[in-house]
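Structure provided below as C-alpha cells; questions to follow.
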C-alpha cells in the first residue's frame, strides 16, 4: 500500500469504483461537468486545472471563444463539480519587466507552492512557450518571465522545490501540430532563469508512439512522484490522445522508477470520441485527498468539454507496477 | 435596424428563435431535413442550394451515389422542408459550343437574376472549375462556358448586376484538399468572358485560418451585401468547417465593410460532428423573406446530410458589427 | 441465379433482409457482436476471422490490449454470434526453421484447405509482411515461413489449390499508413516458396481511389470467385474504408470478370462512424451456407468492434453485374 | 519542309548547327549571354523575353535583386546578344482602373500584336496571377487588368487574334512550388474579360510528368502553331526543367496536332546544372526569321543566367513528328 | 590477408592506387567512361552492370532516352573501359508464360551462375519489382517470372546456390522516391518461387540513415561474402548516395559478420556532384580477378554517367574490420 | 564612419577589396582554405569558428568523418589561413555534474569573455540543443550545462556581459530539417540557468523567408552590435543559405536598430554551389581588427569546405543602412 503525501481534502469530488469496473480508473457518472453550453461566449471549455481554495475550489479554465481565440479564465466551485466560470480572461500584472502581452494562452496547470498558487500555461510569444504566473487569491494575478524560448507546449511545476530549486516538467515541441515530443526536467533557483535540463522519458510503443507530455502536477507518494501524462498515437485518421502514468524518483525526478506500458484510460465515451478534435482524453488538473489516497483527474474531452475521472493511489500504482516497462 | 432588400417570401420555412438561445442563429428542430435514407441511390446528400419557385420551392442537390460519383439533381418542395429529389442527374444543353461533358459536379448554388435561375457549381474539367448554367423551369437546363480556368471550387453569383456587369465571388484552389483559399470578385459583361478580378478577403485567425469561401449567394441589405461564408481550421485531426458572415460594399463588393471575427455557427450536433467527413457545417443555399428579414440557410452536415439554420438580418448584422474585425 | 459452391452450414448466423431494405447487404440487428467490454484486457476487438468448427464455430480475433500491442487470439462460439475469446495470444510452433519471433500480429484471415485450418495475418518482421500458420484443432498452432518480403498487409488464401498450387491474394504496401494499394495474386507449390505474381486489380474512382485490399477468403461460385474487398478514399479528414465486391475467373483468378463500381456497404452506424479510427468498415471473415447462398460477413467497425453483415450470393452478384465496371 | 510564317528578321542572332551535332537544337557557343555580373544590383538574371525593336532588339528581363525581390526590367541590344539592362524596374501606368500595385513580377513574355508590344508576366496579387501590359516604345508602359484570378504562373499571348478574339495559353497553379500543371487556352474580345477556357494538353511520362507550361509565344507555321514548352520531372533531389515542343491547330489552338514524347533540350551545361535552382532550362523568349526558318530561343539557366539556343523550324518539326505521341 | 574466391580475370581494367591515396578505394583517372555523348539517343547512361564474356566483356546498361524512358541495353567491350552500346533495348523471350510486357526497366545487375548469365533489374509491373532473365550469348535473352510482388527496386543474385537454392538480396520499397529501405535475403529452388525471406541488415547512422540496398553481386571470399551496398542520407537538399561494404556469412548470408560504419566512397567529383540527380554514387557492376584480389566497381554518377572505382579485397576488408559496427 | 570596438589584431588575415568589386564583401582569393583533402579522416570540414590565440590563431572545427559522425576538433594556425586540425575530437571535462555524454556535436562558435574562450555548439542530447564549454588554452576543455531544452541549433554568446548577465542569441528549431526559425535573446547570471527570453527578429521576404539564425558572435560597434546571420529560402530544389547583417541595440540587444533587406553574400562559387549540400554559405566564425575596422568571416561552403570572406565595418554598416528594413 502506497501513501499519497498530499494534504487532506476530505470534501473532494468522489465516486467509488463501480462494482463491475475492473480498471484502475473510472469516470464521474455525470460527465461531462462543463460543456460549451455552460459558458455563454465559448466555443469550447476543456484542458483545465483546478485546486482546493478556501472552503471550496478554484480553477483556471481554457475557454476558446467563438472566434477560437484561446484564453484562460478563473472559475470557482463549492464542490469541484459545479463551476462558475468568469466572463473575462485572466489579467496578469507583469513582475519586473515580464512580458504580459497576449498572443494566446491555453492548457493551464495550477499548483500550490509554499504560499501561493502558481499557474503555468502554453503562452504565445512568437511561438508557443510556457507562461508562468501566480496568485494568492484568484483575484489578482502576477506574471513572471516565460520559462523557455519557444517552442514548448506543456510546462508543469512540481508542488515543492527539488533540492533548493523550483522544478518543472515540460514537452518541447515545434510550431505546429507537433508530431514528436518527450518529457524533460528543468530547474530554477528563482523562477526566472532555468537550466540543468534533463531528459526524463520519451515516446514508446503504440499508444504513446507519437508524443508524450506531462499532465497535471506530479503527486508526491512514498514510492516516488506519481506523474499522469498524455500519450499520442497517429492513426490514418489523426491523433488519439490517452493517459498513462509513471513514477519518478523523489530527489532526482528525471529518473524514472516505473512506467506503465499500458495506458490508464483513453477516449471511449461520446464526448471524448467526437467534438472539435475527435478522440482526445487530455488530463490537466488534479485534486487529491492524501490520507484516503483518492485522486480526481480533470481532463479535456475531444477539445470540447471537461470531464472528471477517479482513481486512488493504489489502483494506479498497482497498475503501473503490473505493466512496468522500466 | 437593417433592411433585407430581397423579395417577400412569407411562406418560407421558419421557426422562431428558441427562448433560451442567445446566439445569432439556430437550427431547425427537425434537422436533418434530408439524409441518405431519403435518396435511394445516394451515399450522401448535402451542400445543396434552393430557391422559391412557383408556389413552392425548387433546389439543386448534391447527391453522391454509392460509387461516390458526385453529381447534381433537381428537387422540388411545397414547404422548403420536405423535398422530392429527382433520380437522374441534371442534364444540360450546351449554349454556343459550351462544354457539357461531365467529369463530376458538386456543391451547387442557385440564384435568380432578371428572368431565370442561374446555377453554378464545382465542375470537373481537367481539374475543378466553376460550371455555370441556367433554367427557366427546372426542367430544361442550359450550360454556359465554365467561368474560370481550373482550379476553383466555389463560385457564387450576385443576384443582380453590379454596375453593368454580372458579378461573382469565388475561391481559387488547387487540385486536392486545398489547404489555402481566399475570396475573390470577378465581373463579366456577358457571362462568358470574365475579368476585373479583385481580392475581397482572405484567411484570418483560428477558425478561418486555413481557407474561406463564399456560401450562398449574397443578400442585399441597406447596409451592404450580406455574405455568409465558410471558414476552415486545420486541427491535428483534420479540417473543421464553420460559417461566418461579412458585409460587402453595395457598389464595389470587393470592399469589405464589416466582417465578424467570430463564427456564426459550426458543427455541434451529431449529424454535423460525424459522417463521411466529420465536423463540417457547409452553407450553400438560402431562402429569405425581405420584409421580415428572415433568413433560412441550407447547409451540408458532415458531407452526409442537409440541415437548415435560421437567423434574421438584424441578429446577424448585430453580431458582425459587435465582432467586426475590419 | 448463381450457385454458391461452398459447403452447407445450415446453422450459420442469419437474419432475413429487412422489409424496407433495398440494398444488397444488411447489418445484424444486434451489432456490434463484440466490443472491448467483452474482452477484459482489450482496448479494441475488430478485424477478425471465423470458420465453422466442430458443432459450432471458431475464430481468430484481433485484440489490441491496453498497451495497443496488436495480437491474435482464438475464440469459440456455438452460434457464431456469442463468442468466448481466449485471454492469451495464439502461440505458434515453428515448422522447419520458420521464424516465430513476434513483433506484432493483426488482421487475421482463416480458411479451411483440405485437412486443416490455415491462418494468415499481417506479421511484423522488420516491417509488415504476411504470416502464415495452420491448426487442426484451434489448440495447437504451427507457423510456416512468411509468405513475402515486407511490405504487405493483407494476405488471403484461396480455399483450394488453383491448378496444382496454393494461391493467395495480397496487398503490397509500405511501412506506414500506406496511401496506395492494389490486389495481386501469387502461387506456391509448397506454401514456402511463392511466385508467378500477377496483378489482379487496382484502385479506381472515388470510394476506392486510395487503396484496395482483399477481405475474407474468396468464395467459389459457378460464375467465378466472389471476392469481397475493402476500398479506401482519402477525405480532408482522413481515410474512409468501405466494402465492395468483384468476380474473379475460377481457373485464372488474376482475371477480373466483373467488379462493382459501387460499394456494397460502408460506415453508417455509430459504431462504424466513431471509435479509435473513425469511418472504417473492414471485412475480414465470412461464414456461408452453400445450398442457400447465404453469406455472413464479419467486419471491424472503426477499428474498435466486430459486427456482422448479411447478404446472399444473388443479391451481391446482381449488384456487381448491375454496376459492373469491367 | 515547313514554312515559318513570322516576319523576316535577317539580322537575328544566329550560329549554324555545329558539324557534330545530331540534335534538333544547339546552344550559342558563348553562353551564357547574361549573368549576375552583368547587372550590378542583381542576384540573378534569367527567364526573360525579347523582341525585334527598331534597328535592334528590346527585351523584358527578370532580375531578382539581392533582396531576392523579383521584378522586370527593360533591356536594349543592337545584336540580340549584348544587352544593356535598365537599373529601374518597369513602371506601368494603369489603364481604366487596372491595379498597378506591385507585390512581385517575374517570368515575362513579350509579343507584338497589331501595333504594340504586349508584355505578360507572373504578377503577385494576393497570389501569383498573370499580369498584362503593353508599350509602343519600351519607354512608357501601360498595365491592363490581370488576366485571371490567382493562381497562374505562365501566361503567353498568341501573336495575333484567333478568330475575333485575343488568345492566351497559361498554366494554372497553386500558391507554392506547384507539383502539378497543365496548359490551357483562353480567349478575350477586349483583353479585359477572359473566357472560353479550353484544356490543351497535360502532363505525360517522365520528363514532363510533374507539370508543363507554355514557353515563348507560339510561332505560326503552315503546319500549325509551334509551341515550345517547359516540362518538369520530380527526382529525389528536386525538380528538373527541360524544353519540349508541340504543334497546335491554327484555328482551334486547343487542339494538339502533334507533340514530342522526347524533350528537345535540357540542362547539361554547368550554368544550367548549378545555380540558385539547379537543373533548370526555362524558355521565355524567342526571335525568329520567317523566310529562313531560323529560331533563337532565350532561356533561363538554373534560375541564375540567360542563354540562347538555336534551331530551325524544320529541325524542330521533324523531331516532333518523329517522336509524335498524339 | 583475405582471398578473393572469384575466377581469374588477369586482363581486367585496373590502375594501381595513386601514391598519395590513403583511402580504401580510388577512381579510374579517365572517369567517366561513359557519358550521354557516347550514346546518341540517350539522356543519360548510368547504373549499369558488366561481366567478363569471351575474350572481353559484356554488360547491361541503363540508358534513359530523351523521353526519359528507362530501359536496358547490351554493350560489349574489349577492355572493360571502352564500350559499344547497342541502339535497341534488350528484347526478352518469355519462358513458360512469364510476363515480358515492358513498362520500364532500370538498374540492371549481371551474374554468371553455372552455365549462363543472369540479369536482374528493376522491372515495372504495376509498380517496381525485380525482373529476372538470362542469356548464354548476350544475343538471345530469356525472361523468367518476376521475383517478387511490387514494390522492390534492387534484386541481386548470389553467384552460386546457397545450399540447394538460388539466393537473392533485395531492397523492398514503395512506389515513389522511397524514404526507407533495408536489405533482405530470399531463396528459391527453381528461380520461379521464392521464400524463406530473412532480414539481413537495415539503415543505420548518418550516411546510411534513409535507406540501404545491395550493389553489385556479392563476392565470395574466405572470410565471407563481400557485399558492396549503397547508403542514402536525406539532407535539406535531397538524397546523397554513397557506397559502403559488409561481410556476410558464407552459408547463412543473412547473418552479417562485419559491416563498416564508414562509407567507402561517395560523390566528390563534378560528374558525381552534378547531373540529373546531384550527389549520387550508385554501384551496380563489378569485375574481379580472384588471384590478385583486384576489384573494379562500375557505378552511376549523378544518374547521368558511368564511372569505375578500384579497390582490392584486402583494402576493403581491412577498412570494414577497422570500422566494424557489428 | 563607424568604429569597430573590438581589440586590435593587426596580423589578421586580410585582402583589400578587388578593384572591380562593388559589393560590401569579397572572398579570399585562394578559397577554400580547408577542404576534406586537408583532414585525412574527414568527409567534410565546414561551419567552423576561430579566434586569435597567443601569437596566432586557434579554432574549433566541425569535421564530419566518413561515417558522417559530426564532431568538433581543435585547430591552430599562424596566419589564420593555413590550419592544422587535430585528429581527435575535443574531449570535455564536465563541470559540476554537467552532462558530457556525446551524441553528436556540430556548428561551433567561439568567443573570448573576460578570461577564457567559450565554445558553444549544437549538441545532441535527446535532440539538438546548445552545448557550452570553455578553455583557457585550447588543450583542456570544460563543459557546462546545456543552455536549453531541445530543440535549438545555433547558440552564439555575446563577447561581454549585457548588464550583469551573460547573453546569447539562438535559433529554436525542431528535430529535423527545420523549415522555420527566428532569432531569440536569452540571459543568464551564471551560465547555468537561462531566462528573460526575448524575440529579436524573424523571417522576412525571399532569401530569409524560411529561417534565420545567428552567425559568428556579435561585434560591438559604436552604432550597436553588428550581427551577421544566415537566412534561408526554400526553392523547388531545396534550401539556399545566404548571409545578411543587422545592428542590435548595445544595452538591449533584442531591439533591432537596423537590418538589411538585402543579403550581403550568398553561394556563387563552385565550392559553395556544389558539395554535400548544394547552395550553402554558412558563417560561423569571425576575426576582426578593431582599429582598422577589418572583418574576416569564416564560413562553410556547401557543407563541405571552409572559406573566408572579407569586409570592413563601414562597408557592411553602409549596406545595412542603405537597405534598412526596420
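List of remarks:
In this document, chain identifiers A, B, C, D, E and F correspond to the written order of the chains, with residue numbering beginning at 1 in each.
Note that a contact is a pair of C-beta atoms (placed from the backbone, for glycine too) under 8 Å apart; a residue touches a chain by one contact, two chains touch by 3 or more.
Quick caveat, the model's predicted, so the values are computed rather than measured.
By the document's definition of touch, common neighbours of chain C and chain D comprise B, E. Seen from the Cα centre of chain E, the chain whose own Cα centre is farthest off is B. Of all chains, the one whose mean C-alpha position sits at the greatest distance from that of chain D is A. As a whole-number value, the distance joining the C-alpha centres of chain A and chain F reads 39 Å.
Averaging Cα coordinates per chain places chain A and chain D 59 Å apart.
Annotation for chain F: residues 237-238, 274, 278-279 touch two or more other chains.
In terms of which chains touch, the assembly is arranged in some other way, matching none of the line, ring, star or all-to-all patterns. In summary, the structure contains touching chain pairs A-B, A-C, A-F, B-C, B-D, C-E, D-E, D-F, E-F.
Interface residues of chain A, counted against chain F in their complex, comprise 99, 125-127, 129, 145-152, 170, 172, 174-175, 178, 180, 182, 184, 186-190, 192-197, 199, 202. Listing the residues of chain C that touch chain A in their complex gives 36, 40, 43, 64-70, 177, 237-239, 274-279, 303. The residues of chain B lying in touch with chain A in their complex are 22, 205-207, 233-238, 240, 261-263, 266, 268, 270, 273-274, 278-279, 323.
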